[in-house]
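Starting off with a structure, shown below.
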Amino acid sequence: MTNALIVDAALALLVLGLALWVIATRAAYRAVVGFVAYGLLMAIIWVRLAAVDVAMTEAALGTGLTGLLLLGAAARLAPYETAEFDRRPGRGLRVLIGLLCAAVTLGLAAVVLLLPAPAPSLASLVADNLPPTGVGNPVTGVLLAHRAIDTLLESVVLLPALIGVWSVAANPAWGGRPGSLPRPPASSALTLLAQVLPPFGILVGIHLVWNGADDPGGKFQGATVLAAMWILVLIAGLREAPALRERRLRVLLVVGALVFIGIGASGIWLAGAFLAYPEGYAKPLILAIEAVLTLSIAATLGLLLAGPPAGDRPIGTTS
Amino acid sequence: MDLAALLVTPFARLTELGGLLLVIPLMLPVVGLLLAPLLRGRWLGGGLLGRFTLLLLLLGLVAALAVATAVLTGDEALKYYLGGWLPPLGVALKADGLSAIMLLLSAVVILAVGVYAQREFQVPPDASETRASLVFWMLLMGVWAGLNAAFLGQDLFTLFVALELLTFSAVPLVALDGRAETLAAALRYLLFALLGSVLYLLGAVLFYGTYATLDITLLAERISGEPALPPAVIAAAALMTVGLLAKTALFPLHLWLPPAHAGAPPPASAILSALVVKASFFLILRLWFDVMPGALTPMTAQILGGLGAGAILFGNLVALRQARLKLLIAYSTVAQIGYLFLIFPLAARAESAALTGGMLQVVAHALAKAAMFMAAGLIAKALGHDRVRDLGGCVRVLPLTLLAFGLAGLSLIGLQPSGGYLTKTLLTAAADGTGQGWLGLVIQVGGLLTAAYLFWVFGHVLFGVPSTPAMPIKPPGRAQELVVLALALGALLLGLVPPALFDLVEVGRAGLEASAAVATAMAGAFGWSKLWGDVWPLLVVGLLVLGMLPWPDRPAGGSPRPATTSLSVTGHWAADLGTLLEPADRGLRQWPVAGLSLLILLLALAAAISTGA
Amino acid sequence: MPEFLLGAAAFVLGTVALGLMRLLRGPGHADRMLSAQLLGTGGVGALLLLGVATGVGAIAEVALLLALLAAFASVAFVSGIQRSDGRGPPSATAPAAADSPGEHRRETA
Amino acid sequence: MNDPTLFGLCGAALVGLGLYGLLCQPGALRKILAFNLIGSGVFLLFGVIALRGGGVLAAAGRGIDGDPVPQALIITGLVVAFAATSIAVALLLRLAETSGRTTLENEAPPAPSLPGERASRPDGES
Amino acid sequence: MRLALDILTIVAVSLGAIFFLAGTVGLLRFPDTLTRLHALTKADNLGLGLVVLGLLPQVSGPLSALALLAVWLLALLSGSTVGQLLAGKAAVPDPDRAPTLTPGAGASHD
Amino acid sequence: MASSKAAAMPLIRAALARGVGFLGFWLLLAGPSLGQSTATGVTTDLAAGLAVGLLAAVVATWVSLRLLPPAPGRLRLTALARLARHFLWQSIVAGFDVARRAFDPRLPLKPGDLAFPTRFPPGTGRAAFGAITSLMPGTLPVGTDDHDRLVFHCLDLDQPITAGLARDEALVMGVRRNGSDRDA
């Protein structure tokens, strides 16, 4: 056990050190680079916490897409970011806030140490109620059956978020192609990567969704990988991002949640409750929902990264 | 399927659905939100999407009425287990009286906003979709979906997702006009709201860590069975309360509200002020009255009530200093939120009056404030500006709008028979009855200050020198004016609603006597002595304010700053106070200072909750 | 054997943590990015070791995901820098100036 | 001290650090980063709770490592946090492009939007 | 047989760990960005390869073993792409890179 | 791209080859869980899994063909094997080389840039060459110069780098018979 403890202690210390760096370093760019490293470590920590499903989400989302989003933002903000660090509040205020934050941490630490000793848990209840759902992965069972409403609302939440991102567009650009994606200089290495990697990413993504029914994985993880591959192709310039007015794209964005609601509503007649599945058909229905949701979530995540429509030319380029 | 059923099924049959009925208000806006991106083009002379939303809102109103009827006639909360899974594993929906009121209120207000916004956000003839139209109508439905989910959810995590849905929908509305100031206001709102969400989530996590459930009913059972609150629960309650306070913008955490609510397009401001901040308040109610009933220690109640009193005084005073009409209304919201928190110190011994008064305040303020923001929007649109000092003469071009503004103002002041009057009477009586007369005093002073800034506005409107062309640049639509007037009248006539309907408040909670409390409050409201007693202080305030008006020697051009020179004594006094208040408000709205307040509040609440544990 | 593999994982994590010194010292943005990249490769290795040590096969899939997306941060990094270069001379020097050796010395002193 | 506790304390520290950063760093991008730190601290605490809740079962040979309910909720939360980050970034980038500002300090209350001004908003890129 | 495989594991994994260390040492000691990049791409990928080699005998079934190899190949692809991308970026004129731009003029030690 | 019948043949061949490869990759991924379902005797799960795998492989192949159209010319497997062996050995050498220099207290480096006039036209072949050389001892492609030569950053200019690069180039070129000059 000692080696395991060393691993855990190393991870905890590293994560704290990186968090400190993210908070305390001077330039935003350095903080973002630190945050990317932080995300990688978090993925390993989730593995150590026996939450492989979460680790996959963190690996895909935290290191892939979030890193891309924040690094791109930091680079685009760099020209404007003049001495903002020096506009911190005065030392007295900082010390005061620091002390209070330390008090919050200490209080939380005490709470963690005083959590009830035989930890209360729903694990056995989930295990007992997993068979009717037909899936073998308890996390998928919870997400798609027991707490399906959370998953439904959460896939719906992504849509206002996307509209929010689009809403900062300039009026004439509305409906055009998104313009926030970084466009690196033509590089044969990047092109090769964008040509070779996506098929494998697609296989991994589909595998995660399909296999997520019984083993760790699921639609969020799969969708994130698919979105990442799409973005990679766009960044490398192999394909153009679609214009946001395209009806096919719009349908793609909403079809997942609509199918989810449709199947949920049919449950009222067929299984006696909204979001219930008819006996014996739970697993195929769950897989069907996951399949369409994956497409919608992947498209939404990709477009969240791609940013607001920018007309025919990307924002920030000089014409 | 729900839609088709709604269209053909008679209204009465809806209530027979029982708990399943709750799925309709939950899913109707969600389906609308999902279909919205596909609905392009013009229809009946406007936007297809706008018309579609209107239809959906009408259906939503029917559904909300059905829920309210079912709750009131059944005299018990409707409950529904999604997917047939019982908590703690599954997620329940529940509509008690409070949920029903909130559902109905949001359906009414959003419907009014939807009618109002048809004109503002229609699609021009040469386009099939514009940025503003799609964003506004979609996010309006997003806000509606988030609100309904927040009112019906019985699971702390589902409520978290609902809050996020609400935030993500509300924030872009603030920045809809795309100017730098509103973008900054939206970003500030988003970041502070996210801080609130994450603190809320942390609280939910600690609840789960202690009881392995997030269901409100189950949590209530388990917490009431505890001999003393465990530390995790104390921390969770403090974290959730503070997180929700940040989202409610209770003084001194109001840093984001004035710029956000003032900068949004008027229909969006109406939704934000009338409903969005109420959702997080509603969850505070849920937390203290449903999740941990009986855990409200006197200390906690005093902190919340004290902040509420502070909000009333501070918000009203700062509102008095605003040069722009929309900012004035936004600060008035800061003040009006304060009334909601007075119910906590009163609830311990006068729960009926406190809760009824609180819910009445929610309803009355929502109607009145939505009317005021939309009226201000019409004024700004017609005149091309909303500087209070230059409103002179606009009564001639916008009589109906200004009437609506004034009527809504009467409700805020608390004149009979408005909802504001009921609120204030109920709360004052409860304050006197529980030996906390100072709260009653705060309520009275708040009403007078509200009257002062309304007199200030109307003084300029009625007696100011017209500085703009008499003809409006763009005359308001008749439907727009009427809908604003209807909302204002609704707020004003709330006291005339049969008291029996207020029994809705008590459905699902024992020992409340809402209708009796309302009946008592309304008894004698129209007696001459009572009327005179309420009106004469207002007259005094009115005279003082009119004395402050610099209108006889108003400098030409009209600077956007408030008048600080005046002939009267009250003018000097107000100016002195203003020089103190404005820097104080600016200081409090600095991000680090607001953060400091938040941290102090968090620790103080944790300490206060543990005093009774 | 699991004990040994865990120890190896700890060692690999420790060495890449050492590499994070580059994050602190810079001096260029690219150097800092290198340390994050090192963490990526090391993380894949550590995850594979952990997966076999604990017998949870799915951990290898986490490693696979990391390997699949390892290049993403660098792609964003490279294009990001390019974008601020594209804004013209004054802004192009801004990130570099922020990382000038003089300033760097000030921070570590 | 066992492993879950270690990471639980780590989560508590992350929350505190993130709070400090969110309140004291003037740059909006730094605030977004700090929000993500707080978020991951909260998720970490939830993950610890999940692991604690699973230990009993693993001992009983039921083969589940952690309480799956918190794990499912964490996944949902991570996606929501990503959505929040992307909105914040979009707003911030647009703010910087229109006004050159990257901080939220010293803001003046905005004038309400007016029809005339809306017509003349900067519609193209400068 | 088992023992031999275990020994192979121990040797290969240890060697791999040492190459990770080499990558880190190179990253810290080498004088400029591009030389550090050499250390990163080459030493680390070999380290990962050796770790994978060492783990092969420990996994059940040939498919799992091949999956491990696939992870390594993906890491190689990523590593080489990242190497080239960052190298191209580091070659853009940058104050601390200037001395090594011309062939032979490098060799600048700390 | 495959308008004539003559051009269709390589396309079909490439599609089949890649499809089989992707299906193989899917089996790697799904192997453990497929193994489970065969062990428990649930054949429907196995069939469904294989069907999804087939579908995934088809999608992946389609995407792959869209992104990276097959180059004319045939793949020579023996040359590929030779390249793989060379690559494997050289990357080990590269690792040792870097490690030796890193651990050496004297830090024996003589870094610098070197221009290499490659025979590869810009395109996939050149990119693959760059990717492979970036893992070879002491070389790291940094870009192209004005004369369309590949520029390599080298750890030690005293080593016979050009000769090594030429050998790598020949090996990579040999993999595809008479194809590389028409890559695009």
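As written, the chains take the letters A, B, C, D, E and F, and residue 1 is the first residue of each chain.
Just so we're on the same page, a residue touches a chain if its C-beta (ideal position, glycine included) is under 8 Å from a C-beta of that chain, and two chains touch if they have at least 3 such contacts.
Note that the coordinates shown come from a computational prediction; the quantities given were computed from them, not determined experimentally.
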Problem set entry | subunit A omitted: connectivity of the other chains | B, D | C, E, F
Exercise. Chain pair with the most contact pairs?
Worked result: A-D
Exercise. What is the distance in Å between the mean C-alpha positions of subunit E and subunit F?
Worked result: 17
Exercise. How many angstrom lie between the CA centroids of subunit C and subunit F, rounded to a whole number?
Worked result: 24
Exercise. How many angstrom between the C-alpha centroids of subunit F and subunit D?
Worked result: 39
Problem set entry | Chain centre separation (subunit B, subunit C; CA means) in Å | 47
Exercise. Which positions in subunit F touch two or more other chains at once?
Worked result: 25, 29, 32, 130-131, 134, 141
For this session: Identify all positions of subunit C at which a residue touches two or more other chains, and write them in rising order.
Result: 33, 35, 40, 56-57, 61, 64, 68, 70-71, 75, 77-78, 81-82
Exercise. What are the residue numbers in subunit E that touch two or more other chains?
Worked result: 23, 37, 45, 47, 64, 67, 70, 74, 77-81, 84-85, 88, 90
For this session: Note which residues of subunit C are touching subunit E in the complex, please.
Result: 1, 4-5, 8, 11-12, 15-16, 18-19, 21-22, 27-28, 30-31, 33-35, 37-38, 40-42, 44-45, 48-49, 52, 57, 60, 63-64, 67-68, 70-71, 74-75, 77-78, 81-82, 85, 96, 100-101
Exercise. Considering the complex alone, what residue numbers of subunit F touch subunit E?
Worked result: 25, 27-29, 31-32, 35, 91-92, 94-99, 101-103, 107, 109-114, 130-132, 134-135, 137-138, 140-143, 151, 153, 155, 157
For this session: In the complex, go through subunit A and note every residue touching subunit B.
Result: 89, 93-94, 96-97, 100-101, 103-104, 107-108, 110-111, 114-116, 119-122, 125-126, 129, 145-150, 152-154, 156-157, 159-161, 163-164, 166-171, 174-175, 245, 247, 250-251, 253-254, 257-258, 261, 265-268, 271-277
Exercise. In their complex, what parts of subunit D are in touch with subunit A?
Worked result: 3-21, 23-27, 29-30, 32-34, 36-37, 40, 43-45, 47-57, 62, 64-69, 71-76, 78-80, 82-87, 89-94, 96-97, 100-103, 105, 121-125
Exercise. Which positions of subunit C touch subunit A when the two form their complex?
Worked result: 3, 6-7, 9-10, 13-14, 17, 20, 23-24, 26, 29, 32-33, 35-36, 39-40, 43, 46-47, 50-51, 56, 58-59, 61-62, 64-66, 68-73, 75-84, 86-88, 90-91, 94-95, 98-99, 103, 107
